Amino acid sequence: MQTIISIKPLLAVLVSLFVIPVLISSSGKPNVRESWIFVSGVIKFLIIFSMLPVILQGNQIVLTLFKISPGADIAFRVDALGMLFALVASSLYIITSIYSIGYMRGLNEHGQTRFVSFFALALTATIGAAFSANLLTLYLFYELLSLSTYPLVVHHQDAKSRASGRRYLTFILGTSIGLVLPAMIYCYHATGTLEFAPGGIFSGQLSKPSATVLLLMFVFGFAKSGIMPFHSWLPAAMVAPTPVSALLHAVAVVKVGVFSIIRVVTGIFGVDFLLSFNLGAWVATIASITIVVSSCIALTQDELKRRLAYSTIGQLSYIVLGVALLTPKGMTGGMLHIAMHAFGKITLFFCAGAIFVATGKKYISQMVGIGKAMPITMAAFFMGSLSIIGLPPTGGFISKWYLVLGTLEGDHMILLFVILTSSLLNAAYFMPIFYKAFFCTKEEAMFGAKIVEAPMMCVVPLVITALISFGLFFLPQPFLDLAGLAAKGFLGG
Amino acid sequence: MDNYPVLIVVAPLLAALLAGFAAWIEERLSYPIALLGLAVSTFAAFEVLMQVIFFGPIRYEMAGWPPPMGIEYRIDLLNAMVLLIVSGIAFLNLLASYESVNQEIGDRTGSFYSIYCLFVTGLLGVTATGDLFNLYVLIEITSLTSYAMVAMGDRDRGALASLNYVFIGVIGASFYLLGVGYLYIQTGSLNMTDVAIILQDYHGSSTVLTAFVLCMVGVWIKMAFFPLHAWLPNAYSYSPVVFLRVVAPLMTKVMIYVMIRLMITVFGFNYIFKTLNFADAVVILATVAIIFGGVMALAQKNLKKMLAYIIISEIGYMVGGVWMGNQLGMTGAILHILNDALMTFAVFLGVGNIIYQLKDVDFSNLGGLFGKMPWTMAGFVLAAFSIIGIPPTCGFFSKWYLIMGAFEKGAYHFAIALIISSLICAVLFFRVFEICFFPSSSQDNKQKDVHAPGKIEEAPVSMLIVSGFVSLSLIVVGLFSGTIVNMIILPFLT
Amino acid sequence: MKFLGFIVVGLAGAILLYGTGDFPDWGDPYSPASLHISKDYIEKALDQTKVPNIVTAVLADYRGFDTMFETAVIFTAGLACFLLLRDFREKKERFYRHTPTGVILHVKAGKKILDGGKEFEYMDKDWVPSDLIIKTVCRILIPFIQIYALYVVAHGDFSPGGGFQGGVIFGSSLILLAISYNLKTLVKRISEKMLGVYAALGVLIYLGIGVICMLMGGQFLDYAKLAPLIPFDSNHIRALGMLGIEIGVGIAVTAVMAIIYINIVSEGRHDEGL
Amino acid sequence: MTDLLALIVAKYNYWLYVILMMIGLYAMIAKNNLIKKLVGMNIFQTAIILFYISIGYKKNATLPIIENVHGTGGGHIYAIDYINPLPHVLMLTAIVVSVATFGVAMALAVRVYQRYKTLEEDELRMRLSEK
């Protein structure tokens, strides 16, 4: 394994930061502005993609920017896990940017320049978090992401978004400042470093009780992961425009939360350390509760986006659960689920948005017979939900397969049971939607026979993501390899 | 040149006098004169800092008399840094103030610039001097000028707020003077280093203990440390913006510096932390100050008042950091002098711009401000992030060291207070952002389309440039705080 | 408040008295304060500065830097009084006397201000002329007071006195003028503008001497470096330097005394007073 | 008791200054009238001046002005013959400062009076709370 010093990670992070002034200056010309977004997205993706071969060979790319104090610098390190996440986020950013053109123009939203600028900033933070070499840098980008998302959540500037924005900040900032920050400083105080090391940074400084408290502070502190009881910001944040919900609240923001937990579990505590104190079980328990409870809540939601949000909360905990298993297969499955869930869930959100653009409908109960009006959208929706439920032939099946293998490997029968139950629950909250969409009598149908698809710019992206979801079943190699590599690295060989 | 140390202080004084002249002869000249004086001072301070970093502390003997007979300037890393902060901020503030002085002071601007320069002279002199009594005289210059400037603000309340400030300020300065007298009677000297050497033989003396208590109480009154803070909110919130922007970041910070100087150079850590045993009590007091300031800030309905209480809370940070008595806490406190000066300045620059347009910063007036003054608000937001302590702004890093210091000392209550204070600040500022982000309710009725892009009514360009520059420097200083700690603070402490 | 006051005062007094416990006895010539640097001052000052009044030597030379700021404090006070109180707005009602005829004009609020050249004299309605005896006595006294003030400034090196004392005496002569006649008389003699300029000038003299010393290659305020500029009496160069700054201090103090008096007594209107 | 008495007698000057200072401080805290507070402030500062001046005092010594300068040259100068000049110098400065502060405070009081037509604190407080 080699360590390569390169400026590429920095470039990848900065591309979408530097494009912001350009966006602001071209705010009068929407077409110019949007082409800049697209170009910057593609450049970002290409830079990240160009690092892929190096990473796949088992190497790392590092870059130190600022030396703050020994062991806690502002530094980047690209490894398999970070690569996996960055690849997902940056590729979906391109698709989302196309989609958001269609969506925002379709609804004639206000403040589009502000919207795209903060969107770009949020993506900067996401990639930065993915490439962080230590907890300090990760925390930095984590906070940047929280703050840059706030204007997106309250984009509508009405009373409802104000309340949601408040809830969003209370949970996200409250936990990160109140829990993560002290925990992080305590780690630094105890060990003198915050670097993510394969075996963790603790070597006997912690007793079991304090380690437990610290771990829980981290797990709950990264509230973006939607771990209960700090999850309720996510449904609230659904007041944001759909591209935000799609990219940020299904992929970037929430996965940064999960990603941070993975980093802390593997890089700060270390697998061996957790195994020796049997702390993985704590995390797994919390995750399991979240999975089951959130799936049950999702059943009761009538607003489509909120149902998706609760589904997201559950799916995120799969990832946490997979990592908390601390077995090779389990971790691989967990990390793979980052990618698989991303493609699946973003399709679903795109569809929800497309429905809203085309018909103005938000509630499932109003969507009876919509399958005939929007056949392409609903077909993609079907594909996406298959992936989330974890049925072949979609990518979601593969990750869930690995997760199940992981539970068997670790001999956790209860967790296996949790996964299977929740898959059933997933099916239970998705299937009624199709049933209502396609199988209804003419009298029940709320839509005419005419096809009313959303604008091209909305439909094309969701078809693409649906196809990718489908394709990943047959060709999961890049993500699977990366996840496998990462798991191998974390488990020490 | 060898005379840079004294030039730092003399240049603004000279500018004050010439501006005073110009006020009577050609009033328009006062502004450039004042600006030039402060620019020279900033340059000299920068040179001195470089000299001190590369060649070690500088001693400058006034009138050529060797201390302790004469007065000396003794400039080491700590006060070189503070000098640069003070002169730099004063200069930048003046640069941004031309329009708002014209708006607020109207006639007699010349005299105002003169008194402004005198205020800065006082602060710089306090920082540079190595003589206990000289320190008192310069504190009095600073105080007198602040009394005058506070009273020039709010037409109704300014004078009364200022008069109450006079009473408290005189008590503070007099306590300090008494402390110096007690030291003098025990040692016979007024030079700091000389006093420190003689004091080593008198650690058990009740006179020295009294002197220490008196000096500390005096300085605490001047810096508005809880529970001696009562004068600050009124005095600050009724003063004119120009003055507010310089007094809020600098006055308390210079007083913190004086406290550190007295503790390190004059009395010595051995005396304070080994012979005496009330350091823990002071840390607890600092904890209370932090929480109290935050809670009181929550109750305010006016931006200026809210920030004034945040200042009281920030003072708790630094006092607590110093009195923890370990290297980390000290590092945090000194770094926070720099950071807090910068971020308070940045936040008040934003407030100044808002006041320039709106005349008033009651929360009820702030609706829709992001649309109206986007650049001002951008700077304000960055400053607020720094006060909350969000990386990579500089406020995060000093908080980092302070919390580390608290962990090392085992002062968990202080660490928790810092975290809570961050949360409170987050609530405070996001409440402001929320008000500014959403259109105000009165506009809702008038305007049909609330989302229609409002007209941009920004402050003058000079104010915006300075505000932008300072806000960006928050990030730069934050990213280079490792360098600052390694080059300035750690060499000073060891 | 009263109770709180008692507690605070009692506490402060107790602390201060506790501190006196380790004081040397009063008047002890061997106390640290008398031995350490004060001994050096007394024994060396005459040699080093050629000024027999040690208080002056310390004030203006050894601790001359302090004294410069002291003068700056004075200047600040004057400036502050001006800034706080000076009111340039015209009074609402004004009275004018036509000097040749003695006719009094009443200009009501809101009307145009009269500008009748020198023949019209602005007057205060509620001002009462002073007694003739007082006026005469004061007129005779004032020059003597002023001469004495100059003596005190100039002789500060040798006997008790100096710039502050002399300046205060001079300033009080001006105040006496204002009291015995009226404020207008004083302002006519020495205008507000001149007072402002003098106040700045006094401090500037002090500061200027310091800066010149610096330009001559010495430390700030190092009077010895002035020797090349003054061709005579280089032996007493420090004493001369001190005299220079005492004069500056005197000017500043005089002007500031008058400024403070004028502004406070007339509430910043400069047209009526005690 | 006699010990305490002896202590007080040996240092009665300090006791006097402390009493004076307490009077001034009390007036500043507890008096209702702003001018009375100012007077208290002046007493307070005067007490400090008194304290400093009494530091400088030496038994059997004279003013710190060297005699016979123009005459025979005076011979050696002994510090024990002259009182300590430094406190005098310091207090000259302190007096100036207190005068300046008093001047500014008076100006402020005038401003307050112009605005509220009263200098009684309780009345001022009532006026402020009315608005």
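List of remarks:
As written, the chains take the letters A, B, C and D, and residue 1 is the first residue of each chain.
The rule we apply is simple: contacts are C-beta pairs under 8 Å (C-beta built on N, C-alpha and C of every residue); 3 or more make two chains touch, one makes a residue touch a chain.
Being a predicted model, the structure only gives us computed values, none of them experimental.
Taking the mean of C-alpha positions as each chain's centre, the chain lying farthest from the centre of subunit C is A. Inter-chain centre distance (subunit C to subunit D, centres taken as mean C-alpha positions): 19 Å.
For the pair subunit A and subunit D, the distance between C-alpha centroids works out to 71 Å. Between subunit B and subunit C, the centres computed from C-alpha atoms are 31 Å apart.
One inter-chain figure worth recording: subunit B and subunit D are separated by 30 Å, centre to centre, where each centre is the mean of the chain's CA atoms. Along subunit B, residues 133, 137, 140, 144, 147-148, 151, 159, 178, 184-185, 190 each make contact with two or more other chains.
Shared contact sites, meaning residues of subunit C that touch two or more other chains, fall at 16, 20, 23, 33-35, 37-38, 41, 63, 66, 70, 73, 76-77, 80, 84. Pairwise chain contacts present here: A-B, B-C, B-D, C-D [touch as defined].
Against subunit C, in their complex, subunit D makes its touches with residues 10-15, 18-19, 21-22, 25-26, 29-30, 54-61, 63-67, 69, 77-80, 82, 84-89, 92-93, 96-97, 99-101, 103-104, 106-108, 110-111, 114.
Per the touch definition, subunit A reaches subunit B in the complex via residues 65-69, 73-74, 110-111, 136, 139-140, 143-144, 147, 151, 154, 157, 162, 165-166, 169, 173-174, 177-178, 181-182, 185-186, 188-189. Across the complex, subunit C meets subunit B through its residues 15-16, 18-24, 31-38, 40-41, 61-66, 69-70, 72-73, 75-77, 79-80, 82-84, 86, 88, 193, 196-197, 199-201, 203-204, 207, 210-211, 213-214, 218-224. Taken together, the subunit B residues at the contact with subunit A in this complex read 385, 388-392, 397, 400, 403-404, 407-408, 415-416, 419, 422-423, 426, 430, 434, 437-439, 450-453, 479-483, 485.
Contacts from subunit B toward subunit D in the complex involve residues 133, 136-137, 140, 143-144, 147-148, 151, 155-160, 162-163, 166-167, 170-171, 174, 177-178, 181, 184-185, 190.
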